[in-house]
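Next come the structures, one after another.
Each of the two complexes below includes chain A, the first together with chain B, the second together with chain C.
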Partner chain A sequence: MAALTLRTSGWLLVLPLLGLVVVMFAGPLFNIFWLSFTDPGPGLSNYTALAERESLRRLLWVTLRICALTTLFSVVLGYCIAYAMTHAGEGARQKMLLLLLISFWISVLVRTFAWIMILGRNGLLNNGLMSAGLISAPLPFVRNELGVLIGMVHYMIPYAVLPLLGAMRAIDGRVMAASRNLGASPAQTFWRIWLPLTKPGVIAASLLVFILSLGFYVTPAILGGGKVLMVAEYISVQVLITLKWGTAAMLAVLILVSVLALLALMSRFMKLSAALGGRA
Partner chain B sequence: MAAGTGSGPGGISIRALVKHYGTFEAVAGIDLEIRRGEFLTLLGPSGSGKTTLLMMIAGFQDATSGDIRLDDRSIVAMPPEKRNFGMVFQGYALFPHMTVADNIGYALSVRGRPRAEIAARVAEMLELAQLQGMGARLPAQLSGGQQQRVALARALAFSPPVLLLDEPLGALDRKLRIEVQEQLKELHRRLGTTFIYVTHDQEEALSMSDRIVIMRAGRVEQVGTPEELYSRPRTEFAASFLGKSNFLRRDGKVWALRPEKIDLSVATGQATGGRLSGRILSMAYFGSVLKYQVETAEQGQIEVDVDAWRGGGALPVGTAVGLDWSEQAAVLLGS
Partner chain C sequence: MHDKQFMRETAVEAAHAFRAGRLGRRSFLAICGLAGVTLPSVLAGRAEAAAGEIILWNWGGQSEECHGSAIGVPFTAETGMPLRFDTSGPLQGKIKEMVDSGNVTADVCDGDLFDAVALGASGHLEPIDYSVVSKEKTLPEYALEFGVSIILYGYAFMYDTEAWGENPPRDWADFFDLEKFPGQRSLYKWANGALEAALMADGVAPEALYPLDIDRALTRITAIRDNTIYWGSGSEAHDMIVNGEVSMGMVWQNRGRAIEERTNGRYRMVMNQAIAMPGAYIVPKGNPGGREAVMKFIAVSQSVEAQLGLFSCLGMTPTNPEAIARITPGDAPWAITSAENRPRIVLNDPVWWGQNGDAAVNAFLEAIS
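== the complex of A and B ==
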C-alpha cells in the first residue's frame, strides 16, 4: 500500500516536468514529422526527392563521408591518447585529463575560429611556412573538407577518449601479465588481449562520435567556408533562406531515425547508460 | 622422491636478491636454492615480500640488485615471455574474452604451433583439469574452482619446467580448498615440475610442501622441510608462525615448546608433578583436542593441548595442574 502511494506521489512530482517535455519536445518533434509529409503538399514527395535530386544525394554522401572520416581519425587518435593516459603515472594522468577537459569545455565557436587563425590564408601555419621559405603561396587548409575534418576531429577527440579510457582502465593488469608469462610478445599481447578487451570501448566511442558528427553545424559552416555542405547547415539554409520547410523536415527526420537506429545498434553491444557516462 | 637435485631443467638459484620500491625495501637480500622438481612454499605474513619475490622470478618486477639463475644461466634480465615459467596468478587472470579452450591453448598459439597440435594439447589439459565438455565456455560461466583449474591448465599447457603459484586457493572456500590441495599435490607428483607456491596459510604449507621458506619483512627467516621447521624452529617468529608455540625463558635463553608436547596432570593436595605448576585459566573445545590456557607463576600463560579422547572430559577452570614434558620437546632457539 505504502509502496503504491509512494509510486503515485512520485509520478505526481514529475508530472509538471513530463508535461513540459511533451509540450516543448515531443510537440515540435511531431510537428517536424508532420511537416515532412505535408509541406508543400501532402504525400511522400519530400522523401522521393531523395532518389530524384542529385544535390540531395550528394549532400548525404558528403555528410556520411565526413562523419565516417571524423569518426575514424577521432577514434584512432583518441585510442592513442587513452592508451597513453592509462599507462601514465597518476599525476601525469590527472594533468592529461585536465587538458582534455579544458578543450572539452571551450565553446565550439571559439575553437573553430581559433583554427581559422591557425590554418587560414594568413594564418600562423601558412605564414610560418612561407617565411621559412618552404612554400611560396598559402596552402588551402580551410574552406574545404580538410579544414572541416581538422576542426571536427579536434572537437570530437574528448568524446572518443572518455569511453576508451573507461574501457582501458577496467582491464586487469594481471591479465596482461598473464599473456606475457604465457610467452606472448608485447605486440601479440596488444593484438590478442588488449585490443579485444577494449573493443566495447571502441564501438561506444565510434558510435558516439559518429552520432554527434551527423548533426554538426558550426564547424562545417565556418571551416568549410560554404563549400562543404553538411546536412545540418543545409537544413538551416532550407529553413531560413529558401523556406523549403518540407525538405528540411524530411532531412531532420532522416537524421533522427538514423541516430535512433544507431543507438539501438549500440544498445545491443553494451549498456547505453554506461557508454554515455552513467553508471549501472 | 620429487625433490630431485642436479641436472635437468627447473632448478633455480637466487643470490643476494634485493628489491626496492622507492626507499622501501620489499625484498632485503634473499639467497635461496630451489631444487629441480621440488614443491617449495613461500610462507609469510602479509607484506613480507612473497609476491614481490615471485614476480621477480617470473620477470614482472626488475630486481634492484642480485641474481636469479635457472640451471646456471642468469635470467635476471630476461623478459617474462622468454623465461618459460608457468604462473597461476592471484585471482587467476583468465582472458575474459576467450573461451576456456582458447585460454588453455594460448601459450601454444602465440608460439605459432599448428592448430591440430593445439587442439590435442587443449583436450589433454581439459581432461587433466577435469574440465571435459567446458572448452567452449567463457571464464565468467565457470565456478571459482573451475576457473582455478583453467588457470592451472593454461599455465601447464606448454610444459613449463617451473610453475609459480601465487595464493591460487585464496578465493576458494575451505572445503574446496582441501580438495584442490590434494589435486595440486597429485599433479605435482605426476608432472615432476618445480612448483613455487605462495601462501600465508600455514596448514596449506605444512601439508603440501617438500620444503618451506618462512619469510619475514623481505628476508628468509628459515628454510627446511615441514617436519624440520615444525620440530626445530630457530627463531620465535618461525616457531609461532608455523604452528603454535609456548616460549620458556630462563637465563636469557628461550625455548620453544609446542602445546601438544606438554603433559598435563591434576595436582593432588600440595604436591604438583612435573616441571611447572599452575591453574587452568580457560578451556576451548576443538573436537579432537582440548586447548587449555594455564597460568603459571614462573612462565606466565602456557597453552596445553590435550587429546580430547584421553582423560575423563574437560577439567574445570581453576583446577591446579602440573605440566611436564620430555627433554627433547623444548627446543632451544637461536641455535
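== the complex of A and C ==
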C-alpha cells in the first residue's frame, strides 16, 4: 500500500515534465504524422508516390547506400582504432582519446570545408601529387559521392570508436591467455574469442553510425557538389522552397519509423543508454 | 548603454499600455519624461508611435547593416519608428509556417517577387497598398498585387582570364560548350537562372523564354552535368571560382564586382544574357506593425537615396527609374538595368516562377542528382 502511494506521488512529480514533453515534442511529431496523410489532400497519396515516383526511390536508395557504406568504413576503421587503444599503455591511450575527442568536437561545417581545401581540385593533395609528377590532371576526390563518403566517415569514426572501446575494455584479458594456453594461435584467438566477445559493441556502433548518418545534411550538400542528394536535404527543400509539406512529412515519418525499428533491434543487443552515451 | 536600452523598453511598454488604455495619459507622459523622450516628439505623437516598430526579415550578414543605413535611418527620421531585423532568411516555407501558426513576428520580408506570386495566391500575404507605395518607382513588370520589387539582383557568369584570356566566352552558349571551352562549370542549385541560361544556350530568343521549356533546359543541363558542380549560397559560388574549382561559374550578379575587384580582374563577369531577378518586399498577412506603417516603410525604400544606398552597399540595382538614371558612368557596367546593360539582359518572369517554381525546382534536382 505504501509502495503504491510512493509510486503515485512519483508520477505526480514528473507529471508537469511529462506534460511539457507531450506538448513540445509529441505534439509537433503528431503534426508531422498528420501532415503526411492530409497535405495536399487527405489520403495516402504521399505514400503511394513512393511507388509512382522513381526519383523518390532513387533518393532513398542513394541515402541508404551512402549510410551503409559510411557505417561499414567507420566501424572497420573504428574497430582498429579501438583495438589499438585497448592494447596501448595508459599514457598513450589518454593521448589517443584526446585526439579522438578533439576531432569529435570540431564543427561539421569546419571539417567539411577543410576537406575541400585538402582534397579539392586545387587542394593540397592534388597540388602535391601534380608537382611530384604522379598525375597530370587533378583527381576528383570531392564534389562527388566519394567526397561525401570521406567527409561522413571522418565525422562518424568517433561515434564508432566509443561504444567499441567500451565493449573491448570490458573483456577479461585472462580469457585470451586461457585460449593461448590451450594451444590456439593468435589468429584463432582473435577470430574465435575476441571478435565474438566484441560483437555487441560492433552491432551497437553500426546502428549508432547508421542512424546518425541518415540525418546528414551539410556534408552531402557541400562535398557532394549538389549532385549527391540525401533525404535530409531533400526534406528541407520540400519544406522551405517548394512547399511540398506532405512529401516532406512522409519522408520524415519514413525515416523516423526506420530509426525506431533500428533502435528496437539495437535494444535487443544492449542497453540503449550505454550505446548512445548521453549524446545522440 | 544598458540603462538606455531599459529606458527605451520602459517607454515602449508604457506606450503599449497607454494605447491599450491600461495607463493614463499623465502617467504615460511622466514615464516618457523619465525615459528621456523629448517633449517635441511627444507633442508630435511620436512616442505613441514608438509603440510600433517595423521588423524587416532579411538574410543577415552585410544586408542588415546596408538595410539599416539605406532605409532604416530615413524611415526612423520620417516616422519615429525604429527598424529592427530578423536575420533568419524569409524562405517561402518559413513565411507560410509563420502565417499559418498565427504568430506573425515580421512586418516585411526581403524576399523574391516569385514568393509574392506563390504566397499571395495561397492567402498568406497582405496586398500592397498602391495609394502609398508608388507603381512609378519600380519597373512596370514588377509592381504586383502582393509584392513590389525594390532592388534587382541577378544571375551572370564569371570566367578565369588565365584560362580564357585570349578568346573569352561571350554568352551562355559558350558556357555550355565543353568542346570549345573544356573545363569545369558551376550553376545555382535551385534551378533559378540555370534554366533560363540553358535555354538561351540552346538558342531560345531572350524575349521568348517564358513559359520555360523545362525539359529542353534540363537536356542541356544534364549534358554538362559531369563537369558541373552546384552551389547553394553566394559565398560558395565565390569560393568555387577563386579556388579554381571551375573555369566558368555562375554567380549572383550583384557579387560579381567584388570578386572582380578583389582579384584585380583575374575573374571577369559576363553581363551579356544576365538574368535580372526582382527582389521584392512582401508583407505576411497580419503583420504586427500594421498595414499603414509597413506600407510607409516600403514607400521609403522606394526613394532614390535609399535605392542608391543599397546599390553602393550591396551591389543590388535600383528598380526606381529615377535612381537608375542617377547611377554614375563608372558604376553603370555593374548595374544590371543600366542603359548599356538593359538591351543585353533578360528580365525574370516572377509570375511563371511563382506558379511553376515548385515543379521546376524538383525536376531540376531530379536531373542533377
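The rule is short, and it goes like this: the second predicted complex is superposed on the first by the 257 of 280 C-alpha atoms of A that agree within 3 Å, B and C clash if a C-alpha of one lies under 4 Å from a C-alpha of the other, contacts with A are read in each partner's own complex, and residues count from 1 in each chain.
Definition applied: a residue touches a chain if its C-beta (ideal position, glycine included) is under 8 Å from a C-beta of that chain, and two chains touch if they have at least 3 such contacts.
Because the structure is a prediction, the values reported are computed rather than measured.
Comparing chain C and chain B on the residues of chain A they touch gives the larger count to C.
By the touch criterion defined above, A:Leu197 lies against chain B but remains apart from chain C after alignment on the C-alpha atoms of chain A. By the touch criterion defined above, A:Met152 lies against neither chain B nor chain C after alignment on the C-alpha atoms of chain A.
When the two structures are aligned on the shared chain, A:Leu100 is found in touch with neither chain B nor chain C.
Once the two complexes are laid over each other on the shared chain, residue contacts for A:Ala252 go to neither chain B nor chain C.
When the two complexes are overlaid on their common chain A, residue A:Leu223 makes contact with neither chain B nor chain C.
In the overlay built on the shared chain, the residue A:Ser185 is in contact with chain B alone; chain C does not reach it.
Touch criterion not met for A:Leu165: it reaches neither chain B nor chain C.
Look at A:Ala177: by the touch rule set out above, it reaches chain B but stays clear of chain C. On the chain A side of its complex with chain C, the touching residues are 55, 58-59, 62, 116, 120-122, 143, 221-222, 225-229, 234, 237, 239-245.
In the complex of the two chains, the chain B residues touching chain A come out as 58-60, 79-81, 84-87, 89-91, 93-97, 106-107, 110-111, 154-155, 158. Remark: chain A residues 172, 174-175, 177-185, 188, 192-193, 196-197, 199 touch chain B in the complex. Per the touch definition, chain C reaches chain A in the complex via residues 91-94, 96, 118, 184, 189-190, 225, 229-232, 236, 239, 243-245, 357-358, 361-362, 365-366, 368-369.
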